[in-house]
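Structure below; questions to follow.
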């Protein structure tokens, strides 16, 4: 189990879906930052379940308690630990031991890995509930980066066959960003939002779920972040993105689109603009050779349909080691996208903060 | 600069494109493995340039010298260091300081990151030459994993619009694998190989380059490898894949295809087979919840077209900080795919070895 | 701030002296261990303040709450997080900002390091209170190691000029160990205990404090633990020992005594005993070349006198940047030894567990 | 085997005593430093064997070849790799496999750890030869730190019963430091040097060896370096010091002397001096609460007598697993102190550089 990420900003998350609490420790967070409680509450609310009919009805207020690292509303430079109590865990929903492995879940693989001793209830430590402390950590990183002029945006780029417009390379107006953050399923196009909503509810009605893609962007970054060979900006960010439950593909800039291009099309020409080196296009998604070039970072994440579906499924019994059938009951998201958006932004903020500190350590 | 990867098997690579040598240290490699020199030479040759008209004519024999960690042909458990001398570096090709930043390259971003002190000649430490020690490390890991029953395969899944058949989920016959390894541009379909070859040579003739996708598979893995939350198998492998110069997207199993599926289609049903838990399909690419499930791992990598092209390009002068034009001369690959295949296999082997050791540390 | 230790067993501690709680996360702890609640409570009680007139009268019950990683009394293999609420923090004792730097404390250095934003109350994160989560982590490691046949002992080897007998190299009877663990200031010699107690109370009466040495031993270890060059057993253990507030020197086996020996005296001769390789003497303290040799590990730690003393002291005002005088009020330990003993054992257990897992990762 | 140290400046050493070369990679070293070749050669020469009759007659020129990370005499910010060829390795001296474990050496423990596959010749990777790349790395760190005003000194504080004067807390004149660096066995007192020399030669004549203590100091450091809880300055430095073969105890400032003090004696009073916070005494050795306080760092290391002695010794045969006797032949140091001095300085420079970069990463 690696619940830890980062060398410069060390993040440790803990908790299981149906345990008493989940939480996070950030070691190495800068001293002296005033925590924006309102922003923090907003980010937590974006991820929290029960926010609309598009997500699971399990409700959690997800209010963090800071146990360490904050004094008079400011970070102290010492490790920050916050815990989020689980108010509505329902261990009773889950019987007395894992047996029927849910397809697409970690029930079987977790069982092998932890020798049968794992806390399997509600997905245990594989549950999306663990993304609550991730969003908390990401919100703090995002606030610090905002002080450096960095802003994040995310939306559902597609859901099934329904597509939204891509995020612009230029920084959008603050109003657009605020609107995205306020939407249960953020999209640039209102029409796409409505169609996606219908598709989710249709799948839900059939006891099924749907997948899609999430696009996340970071505006206002300086050039020079990223530490190739092994810690290229894409390596660090993809590492974090693939930690989000349900992500099965990640692309930067044009991503898989690069495979159909020629070099003369794919290369972003450099151009001076206001005395700064920029690129005329941004197919590379803000990264050249693993290092930021000062343009907008754009990444796209493929989100699988929620594996928990109401439909009857084929599986095996881990106790009897024989074929079996399964019907999953309980509260589940018919689509992960609404909740993946804030988590993807959080992971992006965590990765950029890590590489910002890495860069700061490059003394001369 | 992070030239280091891994906590359990620590790999450090070093060298620049036009320095005297490149090399690698592996710390934590198991003791007692007899090195298969023939296999090692084969893997090195697969990546080496000048092997066919599809790659750069720069020739390097790429024969490693072991300085440490090997005694009487066996690994000792102590750190393994091997260096590969560069015989045909041509510093003179590159003038006396970086000025015109090559679009799509790290010339500009490296210049910012290293304050103008970087060894920029031939791409310095961003050069594909650094993948030689990666292949060396991967070959050793692959040999050790072969002793545990694990085999790797890779091929060009697509090049521009031309598609090859996907790798099978069942272990292919050894002959097929040997044939793939022997091909300059490995494909399952001979017809695809011919069409891809023509496309590469056509681009080369026009002073241009082409992109594509590489598929890599690992057969014979046990269930239980991978350490979520943060070190999911996909996180670790994508981290390594995105370290390969030119990779802009990575997917596992159906990858971006998941975004168009419903849960009832996406979930791989569990089925008992010969007393083992298996899945009837393998859309997940061998990983559930970040942990291997015992099925074949399949990953797809998008490879951008080589940024070094002969065509005239727009850029900036870093010395004069003004717009400029650039024509790149020298020896370059018109397509990265032939050489990415062995590197992707190497990265896959490195990542699996890391998580194998991680798993071994999970004592009871 | 590095609140994290370990690569194989990652330990993160958090909290400040006068915050709401202190706690710890252990990532990578083995699955399936039944937690011995009684032993855990005993270890926590040994370190807790207010246990005798030899320690500070601040009382804390120090009962941990497990938030993660434990199910039905057993470890799950997932990250273990436990928090210890602080019941008797008294922020009001400390005024409204650090000014007069206490000599021998981290008031000044922490002020520089955290730019004045640190939680300085009661020593903040430099407080001995942070050793509560260390003892908790060490108790879990110790329980796991006990299952492998490893036992720990510690005592006050000296206090001022008063010396106790050294720990034997042979495993002492369980009764002796139980007696040591039950003593407020553990010593082998009852006479030494009485004299040390008098010396502590005498210093206390004068508003002063006393130093001494603590000896810790680990019995029953296998040969082969430790990972030189850089992670020699001594390196790993000393790293942990020097994290304990107040430790200023550490020796292994004969320690500084080696400086006065000749090689012919210092070398422990190897001898076969019951079919096992042993050494006839154990001056090396169980470690040869940084790796355990199967003999008892013995380490000695120099403990400085508590820096918090009631006597008037010279210092500076950090606000006015001028010379000043200081009288420290509040509750303090006149001697750190009673509480360092269980912490030193805990650190020893943490270090050995780390290297045990490192060894397990050395697959063949 | 952990051949790696550091998170901010990652150092990897490789090689075995009788392999073709030893070497080191430094990842994260600052860009743009001009390498002082003369200073580098001096530091290497101080450690090199065969320099006087006090060390082994094995001669090695120990001239490093830089394979990576240096361009036009300056560091590039990319990984620095240097190798030192072994000219006079004599594998033939060592027969065909480890059998009689040398007491005090890692022959037995290395045999257990590496399952019998280790390169045992001449101590393999446990040999003092591995300190050559350490000195190389330390020299580069020392040169960078010199640019920040930091200077190192070391000497034999004692040898057997013979004592030298301690290093002063105030920066000594440059001449004194140069004299210390030029001496085969550096001491402040010429009389002590002569007596120590006689003691070494007397032991050598008897086929024996002697131990002693080395004191190392770092002048000119700023306050604020060190990252407690776990990475206190003492933790980081002791970790490195205990990696040096033959070190069995380490103390900071008064070290074990603290155990006999009262708090009122041990606390260094703070005093303003030239507008800076200083301490009137420096018993703490420049570290309060694990963080530098701007005073001189002073550490003392206990060096065991060389385990390789000519006298007949009792041991076991690892092949026959029975008691045996052993007479070691070959070239050995009768005393490790002359060569430990430059290595201890190197380790000190490495540790301080690591924490300097850690501090730089503490952005606000």
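Points worth noting:
Each chain carries a letter (A, B, C and D) given by its place in the written order, and its residues are counted from 1.
The rule is short, and it goes like this: contacts are C-beta pairs under 8 Å (C-beta built on N, C-alpha and C of every residue); 3 or more make two chains touch, one makes a residue touch a chain.
The model shown is predicted, which means the values in this text are computed figures rather than measured ones.
Think of each touching pair as a link: the shortest run of links from chain B to chain D has 1 of them. For the pairs C-D and B-C, the count of C-beta pairs in contact is higher at C-D.
Chains compared, chain A against chain D: the Cα-based superposition rotates one onto the other by 180 degrees, nearest 5.
Ranked by how far their CA centres sit from the centre of chain D, the chains are topped by A. Each chain gets one centre point, the mean of its Cα atoms, and the points for chain B and chain C are 46 Å apart. Centre-to-centre spacing of chain A and chain C amounts to 39 Å, using the average Cα coordinate of each chain.
Centre-to-centre separation of chain C and chain D, using mean CA positions: 26 Å.
Looking at chain A, one finds that residues 1-4, 13, 28, 31-32, 77, 113, 115, 125, 358, 362, 364 touch two or more other chains.
Interchain contacts join each chain to each other chain, per the touch definition above. Across the complex, chain B meets chain D through its residues 1-4, 10, 12-16, 19-23, 25, 27-28, 31-32, 65, 67-69, 71, 74-81, 83, 113-119, 124-125. The touching residues of chain D, counted against chain C in their complex, run 1-5, 11, 13, 101, 103-106, 108-110, 112-113, 115, 125-126, 130, 158-161, 203, 208-213, 223-224, 226-232, 234-236, 238-243, 245, 247-272, 275, 277, 279-280, 284-285, 287-293, 302-309, 311, 313-316, 318, 321-323, 358-359, 362, 364. Chain contact summary for the complex, chain B toward chain C: residues 7-8, 28, 30-32, 77, 356-358, 360-364.
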